[in-house]
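Dropping the structures in below, format is structure tokens.
Note that subunit A is present in both complexes that follow, paired respectively with subunit B and with subunit C.
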Partner chain A sequence: MITYLFYFFSFLIVCSSFLVVFSNNPVHSVLFLIFTFFNSAIIFLLMNAEFLAMTLVIVYVGAIAVLFLFVVMMLNISESVLKEGFLKYFPFGLILIVIFISELFLVYNSDTIMIPDNIKINISEMTNLGFDNTKLLGLYLYTDYFIIFQISGFLLLLAMIGAIVLAQTDLSKIKLNSSINQKKIRKKDIIKLN
Partner chain B sequence: MLLEITFIILKILLIIFPLMIFIAYLTYFERKVIGAIQLRKGPNVVGPFGLLQPIADGIKLLTKETIFPQNSNKFIFAFSPILTFALALLSWAVIPVDYKLVLSDINVGIMYIFAISSLGIYGIIMAGWSSNSRYAFLGALRSAAQMISYEVSIGLIIISILLTAGSLNLSEIVLSQQNYWYAIPHFPMFVIFFISTLAETNRAPFDLPEAESELVAGYNVEYSSMTFGLFFLGEYGNMILMSAMTTILFLGGWLPPFDNDFFNLIPGYIWFLLKVSFLLFVFLWVRATLPRYRYDQLMSLGWKLFLPLSLFWIIITSVILFYLK
Partner chain C sequence: MESLNFLALSSLIFSIGFLGIFINRKNLITILMSIELMLLSANINFIGFSNYLNDLSGQIFSLFILVVAAAEAAIGLAILTIFFKKSNSISVDTISRLKG
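Showing the complex of A and B:
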């Protein structure tokens, strides 16, 4: 049963990711991308990784894809402009594809990548003891993979600060309403009877 | 196998039918409550005390013509109200109404609800975009920005509750409140959570997406008949869901207020229903009392007040829990 479901949902993932690339309307592309994320969450569910599935939906579908959709709707990209650059960017895309595929091969051919030397937690022992995988994930992240976890946290912080710096403009040039100042205004300051 | 599936479908129907009746009578309740607050009578013509009013409204909506605007994206236009309504029902799969009275008692229940409610934005933003109308699009953009902003503080508040309960399972969160409801130690967060749910469900005083004075009706301007009806039902379904979530997280779910024999006589689902109804009454009370927020006030309230406060509260909660351990 689970195998058939897996094939069904992975078929949907492949189809919708093709449609992300080939659909003419950019908004449709984003909607198909959301559908792809959603189906990947279901694949996680089939593998009993319920925490990862929910995080995928909350983070990617609930937050990131909404911002994508926002940007794409606001930009109003015309189709002809999109098609123009295809040949120009194609070699670059090809290089990216080659890099990704070779990375995938590297990861699948070796068992040693990204695993710290002294793992203290045995995953099968813990699942036999009845830990649910949320707890296991937490234990892993805060013990054996602590450094990697911290580094990725700092990367996110860096990205956030970078985004704030990029978005910051000179506030003195913008007319801003401060609700505190507005509350301070009294009736007799504005309305005068002569 | 087949028997199991029919059994599950039967259980789903047992959840959905009472919920639909609850939603229908919530609209009646709203009109009665607001009528009483404004010293009017409210609906009192159709049936005794106007009790058949929601059914009459439903028939009226069903028999009207569904209009698709020209140049609208037909599929997405029809799909978004269905999505909104389906998502409002979907979360009820994990809500425990009483001890063991829940469709599926999954380990990550609270994350499931949070994930489903974060999908609710899509129904609105797709409706606004596919209508091909300025008013609808502006309403949808406002609504999406508002829901994302307040979802952040809701998520952080949920984290501080999870830390106290030590579980992601909704039934276990309720059972961990046997000694005291979390509304007592987490009282500031209870207030912020309630205000955030008002914003999350696009209710007054945060009903900017459908501010009729500026945007006609926001994202659902172009909708008519049952497509509009589904948005309407979805909104009220979300109100009930958010009240149920507040009940579970802060008001002890199905648990009676005091653990004595008299209170224990009343079954748990009645307590649950009472608490949810009380919160819904506050929803309507707020709507009848407060004027609408301005958009920049809404944003600064969410990002500059609620977000830092709830973040600060997580730190306080975890420090206290660490020292109590």
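Showing the complex of A and C:
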């Protein structure tokens, strides 16, 4: 049953990601991207990753896709010029993809690839102890993987600062309060008693 | 679930994203969306192997990929808006005019 559900939702993902790439209108592309993310959240649920499925919906659909939609609607793009040079680059990309997928199948069928037998964090063992998915992720994220977790938080801070600095317009055109001049003013300069 | 299933799915999505970078030379937004698709395929691969090997590490690294994807989208779209303001187009060909 789970396998058939997996096939169904994978089919939806592949179709909608094709439409993301090939549709002429960027707004349609973003909407199909959202559909792809919803379906892959369902795929994550089928693979027993509940927390990441919810995170995918919140982060991708709630933040990234809406950001894309804002940008697409903010920029005034004419649709006719967007697909120029399609036939020039399409065969080259197709050749590279055929090479890539055939390489992957050669690797999959070769005998030298082995599945590692030293499992670091055994999920079913921990689930029997009463840890569910979110609790288990939190347990290991804050202990074993703590440094990587901190670095990823720092990366997000850096991205936020970078986006603000990049999106800032020329400061000389904006009327702002000068806090230095405000501090310089004394009471006797502005209040006059007759 | 067999390992071939999610491997085939993730490699297909990766290929579609790769093709999207090639054919959308005039549209930088769709190129960014194709990069998101490729990162999603990496996520599917990690979580599929996490389920297949019964190991939680894949899910943890998938969380970090999610962080990187969010940062990349924010910076990329910010650069895109400045670029559109300067040159009034989002074609890849006009990016060659950028100079430091």
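By our rule, the second predicted complex is superposed on the first by the 129 of 194 C-alpha atoms of A that agree within 3 Å, B and C clash if a C-alpha of one lies under 4 Å from a C-alpha of the other, contacts with A are read in each partner's own complex, and residues count from 1 in each chain.
In the analysis below, a residue touches a chain if its C-beta (ideal position, glycine included) is under 8 Å from a C-beta of that chain, and two chains touch if they have at least 3 such contacts.
Please read these numbers as outputs of a predicted model, since none were measured by experiment.
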item	value
Subunit B versus subunit C as contact partner of A:160, first or second or both or neither	second
Which superposed partner A:17 touches (first subunit B, second subunit C, both, neither)	second
Subunit B versus subunit C as contact partner of A:54, first or second or both or neither	first
First, second, both or neither for A:62, with subunit B first and subunit C second	first
A:86 touches, of subunit B and subunit C: first, second, both or neither?	second
Partner contacting more residues of subunit A (subunit B vs subunit C)	C
First, second, both or neither for A:73, with subunit B first and subunit C second	first
Touching partner for A:44 - first (subunit B), second (subunit C), both, neither	second
Partner chain(s) touched by A:179 [first = subunit B, second = subunit C, both, neither]	first
Footprint overlap on subunit A, comparing subunit B with subunit C	51, 55, 63
Subunit A residues touching subunit C - in the complex, by the definition given at the top	2-3, 6-7, 10, 13-14, 17-18, 20-22, 26, 29-30, 33, 36-37, 40, 43-44, 47-49, 51-52, 55-56, 59-60, 63-64, 67-68, 71-72, 74-75, 77, 81-86, 89-90, 92-94, 96-97, 100-101, 104, 108, 115-116, 119-124, 126, 133, 136-137, 140-141, 145, 148, 152, 155-156, 158-160, 162-163, 166-167
Complex contacts: residues of subunit C adjacent to subunit A	1, 4-7, 9, 11-27, 29-30, 32-34, 36-37, 40, 43-44, 47-48, 50-51, 53-57, 59-60, 62-64, 66-75, 77-82, 84, 90-91
Residue ranges of subunit B touching subunit A (in the complex, touch as defined)	76, 106-108, 111-112, 114-115, 118-119, 121-122, 125-126, 129, 137, 141, 144, 148, 151, 155, 168, 296-297, 300
Subunit B contact footprint on subunit A (complex, rising order)	27, 31, 34, 50-51, 54-55, 57-58, 61-63, 66, 69-70, 73, 132, 134, 177, 179
